[in-house]
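Let me give you the structure first, and then I'll get to my questions.
When the chains are written out, they are named A, B, C and D in that same order, and each has its own residue count from 1.
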Amino acid sequence: MAAKVVHLALFKEEQIDHAAEAISRLHELGISDRDISVISGIPYSERILGRPMSWTNIGRIGLAGAVLGFLVATFLNFGTPLLYPIRVAAMGLTPIPTSIVVTFELTMLGLLISTFIGVFVETISPSFGPKGYHPKISDGHIGILFSGPAQLDEKIHTALSELGAEVVHEVEEEKLWP
Amino acid sequence: MAAETNLLQAVKPAEHAEEDPREHLMFDPRPREEMNRMVMEAMTTTTRRYWIWLIALGLGVAVLLFGAWGNMILTGIGVAGVRRPIFWGVFIVTFVFWIGISHAGTFVSAILRVFKAEFRRPFTRAAELMTTFGLAAGALYPLIHLGRVWVFYWMIPYPNARWLWPNFRSPLVWDFLAITTYLLSSTIYLYLPLVPDLAMARDRTKGWRHTIYKLLALGWRGTEAEWYRLRKAINIFAFAIIPVMFSVHTIVSWDFAVGMVAGWHSTIFGPYFIVGAILSGVAAVVTILFVLRNTMKHFDYFIRVEHFDALGKLLLVFSMAWAYFFFNEYLLSWYGGDAAVKQVLTLHATGPAAWVWYTMLICNVAIPWLTLWNKTIRRTPWAMFIITLLINVGMYAERYTIIPLTLGHQRSPFDWGVYNPQWTEISIALGTLCLFMFLYLAASRLIPLVPVWEVQEGQMAHTLRKVGKAEVPSVTELEE
Amino acid sequence: MAEQKAPQKWGLVVDLDRCTGCNACIAACSMENNIPFVGEDEVAYGRGLYWLYNKREWRGEYPEIKPAFEPVMCQQCGNAPCEPVCPVFASVHSEEEQINLAVYNRCVGTRYCANNCPYHARQFNYFDYELPEPMNSYLNPDVTVRRRGVMEKCTFCVQRIVRGRQKAAAEGREVEDGEIQPACVQACPAGALVFGDVSNPESKASQMARNQRRYQLLEELGTLPRVTYLKGGGRYGG
Amino acid sequence: MSNTLSRRDFLKLSGLGAAVSAVLTGCGPMARYIVRKPYTSMPEYNQTGLSTYYASTCRECPAGCGIIVRTKEGRAITIEGNPQHPVNRGRLCSRGVTAQQGLYNPDRIRGPVFQARGDAGRAKAITWDEALNVVQQALASSPDQIAFLLGAAPDHLFDLVSEMTATLGAPAPVRYNALTTFEGRTTLLEAARLTFGEETLPYFDLANADVTFAFGANFLENWLSPVAYTRAYGEFRQGRPTRRGYLVVFEARQSLTAGNADEWIPIRPGSEAILAAVFNRLVAEARGKPVSPAFSTVTVSAAAAASGVSEEKIRQLAQLFAAASHPLAIPGGSALAQADGLMTARSLLYLNAVVENLGQPGGVFLTPAQVAATDFAAVKELVRRMTDSKVKVLFIHGVNPLFELPGALGFGEALAKVPLVISFASFPDETALASDYILPDHTPLESFGYQRVLAGSDRPAYSSFQPVVVPLYDTRATADVLLAAVKQLGMAAAQAFPYKDEVEYIQQKLLPLIEAGGFYTAPEIFTFWSRWLQYGGWWKPQAELSAPRQAVPPEEAFPFTPPVELEEGKQFYLITFPNHFGDGSGANRPWLQELPDWMTTVTWNSWVEIHPKTAEELGLHDDDVVRISTPFGFVEASVYRYPAIRPDTIAIPFGQGHTALGRWAEGRGCNPAQVLPTTTNAAGDLTFGSVVATILPTGKRRPLARVESKEGIYGEH
């Protein structure tokens, strides 16, 4: 396949209907969802734009963290007292009631920390699909990034302009994070 | 503005003199660009007064907090007023106070988010910042009050040379774990929704700010995948942080409740502390919103009378809930007949420091109940400012009653004691107040205090729908 | 050998009918355990470091008034409220002596244990207390000198228990009843304090603890104190 | 004993002593033959890491309890009771266990000084050679112008000085100690002489008594031998399986003894004599005994009127006493410090004869040692001589008269008239600072000596002192100083005292004991000496006290002095009582200062006890500073609202109010000696018992450092 050029179509925030329409047009023009990426200043659900659902591992990472936290808590509760047994009051060496508190806290800590780590890792890990950015996005514009074959450029431009989009050619990948 | 007002008047039917939906932020949309500009301006505008305050508070932190603390480390904890049998004093009172304040952010941000209370949108960040900084101020106290702070790390869960770990049966270790969890998670919870706004700020700044925002925005572009991840993470946090929040103050209450101290050993303490914490936290949010509204540019747009009104209602509910638990404590001890507990509770009201007890009741019950039912008062920001300050005075008095005053009147009258807070303690308590305000003041010019994207998202979902002759406010469910 | 046997459970019996309230126990305790004196202002503010103090309450009205003395020291609870709350295991139960140990070197000074002690038997070093030269000469080398920020309390003179046990072991015999005496017991002029192994039903302390005048401080809290009091002022004991 | 006796030889000798004691005690470091060395070259009697125990005698009060001092690396660590000692049987009081704070007191006088009567500019340290010259010249002056003022302990120094003054032709030494005044010791001795025909202290067998009446005898605190009597008290309460003693104490202010009594009878001060007399009559009647004429005229109603106790109560108590199988009456303390104090003492001693307990278990015995007079009258006489400039040289040892004597006696003024005052004080007390020379003695834990008069011992006993550590400073035993000075005097005096040093003198005094049937003996003095040091003294193996051979009641009818009438609400009886500071010398022991008072739990200061009702009437609150004035002076102290005192009586503890004596004692509280009278009773004892005082608020407040919670105990905030 020939080298694809990345375009960005910017819609004003009130033109959300047009943006959704534009995506359908692109689909019609044979540009698949894989080559389209929507960037926006506020979240629009996939439903609104007629896009396939995104997919993320955050839930699983969070769960894994929770399990890890639970295991650490179990070690602290039931392992460490055995390493150096010290009796306090008439409590057993590894009483259940107190261990529940520690277990809860550490499980939650594991869950929350790993959720964040999940976000972080997924954000900085390489993503596929067109990259590109325009500061207008944070001003509320809805940007549709897509890459299509060069021969379709004309058609696409016409179609998008009809919908009121401001089209940027050949958007450069911007280095937004070190 | 004038044009809009006219427009509103034109639309407003004369016979419906009641509240206009456009008084609500959600029904008073502004273009994203304008809103960005307003927030950025608010963030970058610093007046002379601002710098004076910032420097004064910085000095306050240096002298009142670290100066007094340093002196106490060098001479001994005896410069504080603790004595037998009152081994915990102002430090622990203030600790509980700050941890209580820190419940506001989570409550406003997480609980209201989970229940989709739309009025929360403009001030979730302001509240979350309170959580983080309140915790930062509060978490100092377990260190400050230590007799030997230089060996504080012995409490951290790691083994010593003989493979002796800390005692996980001690509520103080639970405290350590809970506060660590809460501090980390609330900081992340502050940070996650901040990322899109940081990207916004990144796009509008140059120089050192740009560098910082670029770094912190993690390369945010706003792709669907990013939004999806963020939403997912925020959802996980919103649901998970609520039980953590409950656990934190419950564990703080267990510091007292698991003990043998008469007046502490009560199952009611967990919820009692949580309700008190939310009362004091929400009150502090109102206090801060008043200050923000009056000092920061454009904030009168974001923070509106409706917010004071809504938070006022919440405060009234929590004040009642607090009173309910307070009554519970007295009823049960009165009915149960444990002489020691009864004596402690009676002495709170009749002992040498009964004024603290009365302050607590007046500020926590009488004042909210007498004022907050009234819509006009709820919608008068300065009145709310004063009321919420008083509520926090009352909550401080509550903690003071629970800690030193209870410890001072235990089972053996021979060993009763009167606790006198000393200058060091007052200075350190004020010092952490300075720390909190300093951090808040600094943060107010470093991060966008209003979650622009959340406000925009909300405004998008809110419309005025014409039903017959009326324009009815309606909300579209855009989120899943 | 003594080590293979079940641990001795040391206990103290305080016969309040003998106790006169003379405070010799307090002085003896202070000198044995290197307890610093804190001065008038500090005592006035409730910071006197008395490991053992004499609780004097008044009974009756003038002229039928009379002080009721009750020497209170650490009760060495079997189920000690001070122990589990310490985050760093500075307050632990000793397996060998069955008493409540205060590990000064491990203490970080949270003071939680002291709040949780219903007997107010724990004392705190608010400052480093000056002991001018050459007064430091009398410091007992068997007992740690505590620095500021550390909790301290009665240990049943654990150093004497250990010394007594070692002496008996060196001589190849069991510890005799009454051989080991904490400083307060040793000084008590009225013989109101009796110390011994309460797990041995034959020891003098055990026998006294079975007296019908017996009671324990705040028994209802379930702390299982090792100190037993015998009511004073009463009639003939059993 | 030759000069060249080495430590090693000495230890060999000591080794001969049988080691049967429960606590194996060694012999002293023998201060005089040993020089101080750094710990790196440890003296051979020390072993690093091991404790060495020395038996000695406590000298914090004259009772003479046996102590065992645990030393380690040459330092005195703890002081424990000597389990074999007949006085205390291993027990000790708070003063005894804190004696190290005297030894290691940073305010000690560290060497001989020329003091120049407090003129700091001219004060200078001197050498012991210079000091000896001073003492020698002082002793060489006209004998009748020499005076010795000694404390109640130690006895060996008193013996030596007595012999010396006799040889020189000087007046006999005067002995004084505030405690002996507070005990009423002279009155008791005189009463014993009149009643039993022997001038010796009675021994009251409290342990075996069942109903005991105590008039002012605070035997649990300071009286005669507090540890011995407290030990007996324990037995009195719970020592017998089926019998619990019943104690009744008669006094206006509830002391610790009265607080521990089953009944405290708050009688009016000054009514003790008539009450004692009426008990004599009622008990004799109840027991069918002839009533002595001195008592037959006393009526119950008169006694009731005088004392404020109801007739019914008096009869009931008399009945109780008469019906008891082992009744015991103990006179002492403030009861004897009244105009009729001697009569009170005689009546009560005779009351024991009425119930036939003399020489019986639970009764009255006589202690063996003859007591040298330590009476107040002799001190008064000495002060008169000093005032009349008849004393040119005054030696003071073991007593602090400027503090202990009533201010009204004018000892300070009298002292100013003595050209040469030589003090042997170890601490810079008031009197030492007002002396010309301070030639510091060793502190008791560094000294040799013996104490002979052991009022708490149930058998003949001598208690020994030995140094438990080498002397810390450049101090010298006073006996050595005197012996050396006498030797320098030459001629007859030197021949009368051929002793090389104090130890030789003591050994010579011990010679009669070798054959006296003690629980150990030895073929010669050196072996005896080593055992003497090892056991901490010498005593008979079993209890051995003589019963009084006779009992003579007061014969003729006695004109009882009525109690002083008070102007109600304005005047109050003032009671001065010693607490754990003893004669006041304990005030420089920081732990004694920190020790809560028995009854009030006050520390570190003086207070004035006022009944709460009276305080309310006077508008006084706790901690208000009031001025207590008597015709003899005034003091100021904070109010303690004391619920166990007669409403017409106030009380101040003795022992504080030092203007000297080091950092812990100085400027603390008030000295009630300043308000005491100088009048004496028939036995020559100070009548401090019913001083009339007025209270004047000063408007100041000085909170008392109390251990109790004022709020918790008295419901005040």
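Keep in mind that, in the parts below, contacts are C-beta pairs under 8 Å (C-beta built on N, C-alpha and C of every residue); 3 or more make two chains touch, one makes a residue touch a chain.
It should be emphasised that the depicted structure is a prediction, and the values quoted were computed from it without experimental measurement.
Peer 1: Which chain maximises the distance between its CA centroid and that of chain B?
Peer 2: So the farthest one, by centre of C-alpha atoms, is D.
Peer 1: B-D versus B-C: which has more C-beta pairs touching?
Peer 2: More contacting C-beta pairs are found at B-C.
Peer 1: When the C-alpha atoms of chain B and chain C are each averaged to a single point, how far apart are the two points in Å?
Peer 2: Result: the chain centres lie 45 Å from each other.
Peer 1: Express in whole angstrom the distance between the two chain centres, defined as the mean CA positions of chain B and chain D.
Peer 2: Inter-chain centre distance comes to 68 Å.
Peer 1: Chain A to chain D: how many Å between their CA centres?
Peer 2: 91
Peer 1: Roughly how far is chain A from chain B, going centre to centre by Cα mean, in whole Å?
Peer 2: 30
Peer 1: So which bits of chain C are touching at least two other chains?
Peer 2: Within chain C, residues 48, 56-57, 81, 84, 86, 89 contact more than one other chain.
Peer 1: So which stretches of chain A touch two or more other chains?
Peer 2: Each of 86, 88, 91, 98 in chain A touches at least two other chains.
Peer 1: Mind pulling the residue numbers of chain D that touch at least two other chains?
Peer 2: 708, 713
Peer 1: Which word fits how the chains touch one another: line, ring, star, complete or other?
Peer 2: Topology of touching chains reads as other, fitting no named class.
Peer 1: Can you give me every chain pair that touches, using the contact definition above?
Peer 2: Listed by label, chains in contact pair as A-B, A-C, B-C, B-D, C-D.
Peer 1: Chain D touches which residues of chain B in the complex?
Peer 2: Result: residues 351-352, 409, 412-418 of chain B touch chain D.
Peer 1: For the complex, give me every residue of chain A touching chain B.
Peer 2: 13, 37-49, 51, 53-54, 56, 58-59, 62, 76-77, 80-81, 83-84, 86, 88, 91, 95, 98-99, 101-102, 104-106, 108-109, 111-113, 115-116, 118-120, 122-124, 127, 129, 131, 133, 135, 137-140, 143, 176-178
Peer 1: Any idea which chain C residues touch chain B in the complex?
Peer 2: 42, 45-48, 55-57, 81, 84-89, 106-112, 114-120, 123-128, 147-151, 218, 221, 223
Peer 1: So in the complex, the part of chain D that touches chain C is made up of which residues?
Peer 2: Checking each residue of chain D against chain C gives 72-73, 75-81, 88, 90-98, 100-101, 103-106, 220-221, 226-227, 230-231, 233-235, 237-238, 241-244, 254, 256-257, 259-262, 264-266, 472, 580, 590-596, 598-599, 601, 603-605, 611, 613, 643-644, 647, 668, 703-708, 713.
Peer 1: Quick check: in the complex, which residue numbers of chain D touch chain B?
Peer 2: Chain D reaches chain B through residues 708-709, 711-713, 717.
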